[in-house]
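Look for chain A in each of the two complexes below; its partner is chain B in the first and chain C in the second.
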Partner chain A sequence: MTEKRVAIIGGGVAGMQMAIHLKERGANPVIIEREPTLGGKVAGWYVLFPTFTPAEQVVAPLKQRIAELGIEVMLDTTVTAIAPTCVTLQHGQLLRCDAVALCSGSTLFDARIKEEYGYGIYDNVYTSADLEQMMREGEVRMANGERPERIAILHCVGSRDEKVCQRHCSKVCCVTGVKQAIELKRMMPQAEVFNFYMDIRMFGPGYEEMYREAQVAHNVHFVRGRISEASPLSEGRLQIKAEDTLTGRPLRMSVDMLVLLIGMRGNDDNLPLATSAGITLAENGFFHPRNHFLDNVESERKGIFMAGTCSSPKSIGETLCEATTAAERIINYLNRSNKA
Partner chain B sequence: MASNFGFSISKPRVIDIDRNNLRKSNEILREMPELQSCIGCGSCTASCTAGNLTSYNFRKVHTLVRRGEYVGAYEEMNKCMLCGKCRLVCPRGINTRKVAMLIKRKLGDF
Partner chain C sequence: MSFYAHFTLPFIIGALAMFAIIAYRYTSWIVQLPRRDKALLRKGILSFATIRSVWEVICESLLHVKIWRRDPRLGYMHMSLAFGWFLLIAVGSVESLLYTGTLLVPLQGHVFFRYFATAIDKHIPLMDNIMDGLLLFVLSGVALAWFKRLRSRALGMRRTTRHTIGDRLALSTLWFIFPARLVAESVTAAIYGGGGFLTGSLGALLGEVVPASVLQALFEPVWWFYSSVLGIFFVAMPFSRYMHIFTEIPLIFLRNYRLSVGDKRTSYDNFQVQACSRCGICIDPCQLQAELGLNDVQSVYFLRDRREHQLTLNTAATCLMCGRCSTACPVGIDLNALRLNSRVEMRNTPSEKRFVYLRGLDRSEGMGKVGYFAGCMTMLTPRTLSAMQSIFEAADEQVWWADKSGGVCCGRPLKLSGERDSAHKMVAYNTELFRKHEITTLVTSCPICLRTFKEDYNLEGIEVLHHSEYIARLISSGRLRLRKGEGAFVYHDPCELGRGCGIYDAPREVISALGTLLEAKHNRRDALCCGSSLANLSIGDQAQLRIASSLTQELEQSGADTLVTACPLCKKALGRSAKVPTRDLSEIVAENIV
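Moving on to the complex of A and B:
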């Protein structure tokens, strides 16, 4: 194959994995990344479910391989429009290519929108992403520097919620919530951890086992019910209210820390990108494949492919699989267009 | 009854985890950590003979006990006839009969 150029939009784990596979198969990928570094969301995570593998052990080898293969990377670069043979960068600069791959990921839900939980208003309300950051820094502390003794973790913040226009399930937050509960108990065995959930969705290998481990080995309390509100008490503590739906009684308690498991939503620029490409978005604001079975990494338009969480919330393992599959499809597409 | 206007004061129904003394609940969970793995499926209650004939709800009673709501738990557990059908159906493999016995042992004085 004469070196065919593939523009990969996004340098998270999907984009990196895809670029490596394309390069190894003789194509010439270029990664266009909006941020100043590669790695995407995973780079901000501490350890990954269900094996507690450091996120760095996923990101670093991918980055290293990108460097070894000499794959072209454009950082701090935004894409404003796409077509199968060309992408438009910021300032109107054009980049010619033979295929385009959307690996642009998703956006974490802004917890401030759920004002009733007080994120950004009260101390000691954190998101799951904030907690990962604290764990990366080595300790989990309240705003006053003390160790929290009682922590509530709330599932489905910005997911399965008509009120914030996010009807979909973000899929990985449940597992993340169980993983974080275990991490908190490992760090602070004396702390009490309560997970408030609507449903617990343990869809993957080892996840249900991890849930059980949280319950039996770490005595994490699971309460089925959505927290309705958090209000401030003295010394940075918070009072939370919910229904314990398994007993049919309202429940309230004070906690030192409230962790909100924020969901994934479609990026704001999905719509302009889709419009420019002449493809449609799913109702939930994510891209959608031509179909969910045999063409699940291809868009409605030939020459535009997708992988990772730009098309729906998914785990890192699933994202990596999709990126590999999409690379294979892209190679086939390029070979076909070569003959034509 | 001139002083009775037809109103009475309702006891608050809220489970207040701050006020409830979780010592007994923690003791029970320390003795039987598997009880914490209950997923609230209700198989125990569905298969329970006592539960089909009275208001006895094994799932609900042990969940309340775990939240520190002990009043009435002993009396409720006394409705259990220890037939063990609940144990046969529990998908989490909890020794539910032992749970009933344990709650009665720990909470006899509530």
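Moving on to the complex of A and C:
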């Protein structure tokens, strides 16, 4: 059993959790991470919904355990092709293994594509990821260094949007928008915060309560309607145009900051990886499991497993859960092939 | 001598009926023309336009030059039928003159001359051979037409028109006319001798293998058959697509007299609609057909349904109005304008209350003789707007900004959707705004706005320019200096700018000033549509994406590192599926200002 090698593609929370479980069960996992550090997207977040737990409290223990267990980690390494018994690395180098796990996560939508919101064109238009970064750095400021007094948070940027070929719901942006609104209000109680949404999807434990808390305790405003465009005003302020679909009226509002809740999309290299493995992708560009019920962490091909947001947008809790399940399935798979 | 036999009756009745119906129709259409069009007609008749029209009739109605240019096989087929038949009639009258020595031969005398010639004891073999040659010429066209029905690709058309039952009747009789003539003349030659290399030889062969009594018994019936198919065809003709044979002629004249299709149906439209031969050449260029497999909305079907009063909103609305079919149409029918006035009839909903908020509205900024109108789509692609800002600054231009803080739509989207009256409200509002601020030049970066400013606005005294033209001028006058770099740019011609306004060179000049210009396989007049056309009222987003993806693939095949276009809507459409960056012309200019 100790000889059985599992190539884990991606060293985010899914890959780390899976590696730890596999190692504890006697397998020999190797994590292949394209970035110079472990941690994936979560390492870039400030605090996590719904408990406002610092992201560091999730990432650090995982990393520590990886080190304690002496799990092999290959950083700055890209995978170009996969098969159940072999992974091809960036320079054509081959890595033999007995099973492969896709924990490659997803890509954040490039907000510049929605040019009408002015990301990368005007000052003071930020993505939700930028906002997390600012919060980690300790303060949220406008480009001129002043505190924003009125902030608009726009939901569904690059999600549920046929115009940019992203028809799926990214699932966690709604609650992220609520979380960020509360954080902004805690940091700057005098600021006005508006959330522009199509639907508010509060699917997880405590989420709906957070949504209520945002309104009741923090006076965050929720406007049902997408922003159609943003344009610059003087001193870095922005004018946004939207329709309040509950009152059926168009509205214009000037704000100091616009935060775009960017969605998750399938990685660009999902297609070449899937092709090399002989598996198919879902229509939205994510990997898809063999089925959504009893084999939801297994691909169409025996020996290739998956966990986390590489197969669809997920919360961190769900991702960790899938990683554990996938590790269990991999152990069973390796034991069976041992007997055979 | 007498030129009458009973069998000629079907022909005579058919021909008279056809001429009566056509004369009645043309007269009533002319009488019903709007006063403005009648004035144009009176002015035009005695002008050079008439001579030009005669020449065009020869080129297009007889020789079919445009179809030749598209595909020589298809050109030959159309020419042999039209020009061949015309020569049969023209040379036929010479033939009867030479044989009888008189010009006073009635119509049926020419057409059935070989029948009546049996009473004349005279042979002019040269004439017989010429007439046989012409018959063979027409028959070769008929054979190609048969072949085209079976295998349209062989004649350079991927798809050919599906016909109505009425058309099939006329088509079948048309196909029988010339073979029937061949048989009738050959049987006659078999009995009486004579005939040229074709009918004479065939007659001699018949004389050998068919008993004389059978030939005698066949003699009258074969002429009856020939006369009958002619007669049936003539009666069916005004009620079938073959109405185009004659209608193209008055259309050519009227078009040269500058009559045009407007946003309201007029009697002139009849000439346009009925001049469609349903050749189906408009089907292949249509991207809705090529990319989406829609094959019942193309111009040929739109005109057919409109002619038969069976036009549905779906057919009128399912069109990008990219103009690729108009470019291909050998008859030069104004397809988009006709579709547009059908949409107006179906969808125009005048309302006095709508748009009352426009009164007194003015959000424009700045002062200057040059006005800049961004348009709604440029507001959604603000990189273009900021690029224009840097360009104006670099050229030290004083600019009046019409709509930077929100303006009123140019009206073209409403116009394209058939809401003419609402569009007129936008037109009136913006015209007043431009006049009030006393601009002399109006620059827009949106070809959709540009086209409506040119076509629907009365902006006398204000020069309307697309930003590509404006930038090209700045460069040539030395007011804007650009750095020429290593970039390889492929340019996509937006429909509204290229086919719509005829602007192909200005954007190319600008690109050449800052990098290498590459061309796509389809460019200029043949350029493909991005699929996001505002004229489309029914194609869904995923289908639009399919059209755009195939265009971006073609553009990327040029090997360019950047796709460049000059329309905000095209830019959005291409950017969705492009693997390399998609930029507006102004963006690459602004980045390379020295």
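By our rule, the second predicted complex is superposed on the first by the 339 of 340 C-alpha atoms of A that agree within 3 Å, B and C clash if a C-alpha of one lies under 4 Å from a C-alpha of the other, contacts with A are read in each partner's own complex, and residues count from 1 in each chain.
Criterion: contacts are C-beta pairs under 8 Å (C-beta built on N, C-alpha and C of every residue); 3 or more make two chains touch, one makes a residue touch a chain.
All values derive from a computational prediction rather than experimental measurement.
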{"item": "Which superposed partner A:Gly118 touches (first chain B, second chain C, both, neither)", "value": "second"}
{"item": "Which of chain B and chain C A:Cys165 touches, first, second, both or neither", "value": "second"}
{"item": "First (chain B), second (chain C), both or neither touched by A:Asp244", "value": "first"}
{"item": "Partner chain in contact with A:Glu229 - chain B first, chain C second, else both or neither", "value": "second"}
{"item": "Partner chain in contact with A:Val216 - chain B first, chain C second, else both or neither", "value": "first"}
{"item": "Chain B versus chain C as contact partner of A:Ser254, first or second or both or neither", "value": "first"}
{"item": "Doubly contacted residues of chain A, that is, touched by chain B and again by chain C", "value": "252"}
{"item": "Touch list for chain B against partner chain A, complex", "value": "13-18, 29, 33-34, 36-37, 39-40, 59-60, 63-64, 66-67, 69, 92"}
{"item": "Chain A residues within the chain B interface of the complex", "value": "200, 212, 215-217, 219-221, 224, 244, 246-254"}
{"item": "Chain A contact footprint on chain C (complex, rising order)", "value": "379-383, 386, 404-406, 541-542, 545, 572, 575-577"}
{"item": "Residue ranges of chain A touching chain C (in the complex, touch as defined)", "value": "113, 115-116, 118, 121-122, 162-165, 228-229, 231, 239, 241, 252"}
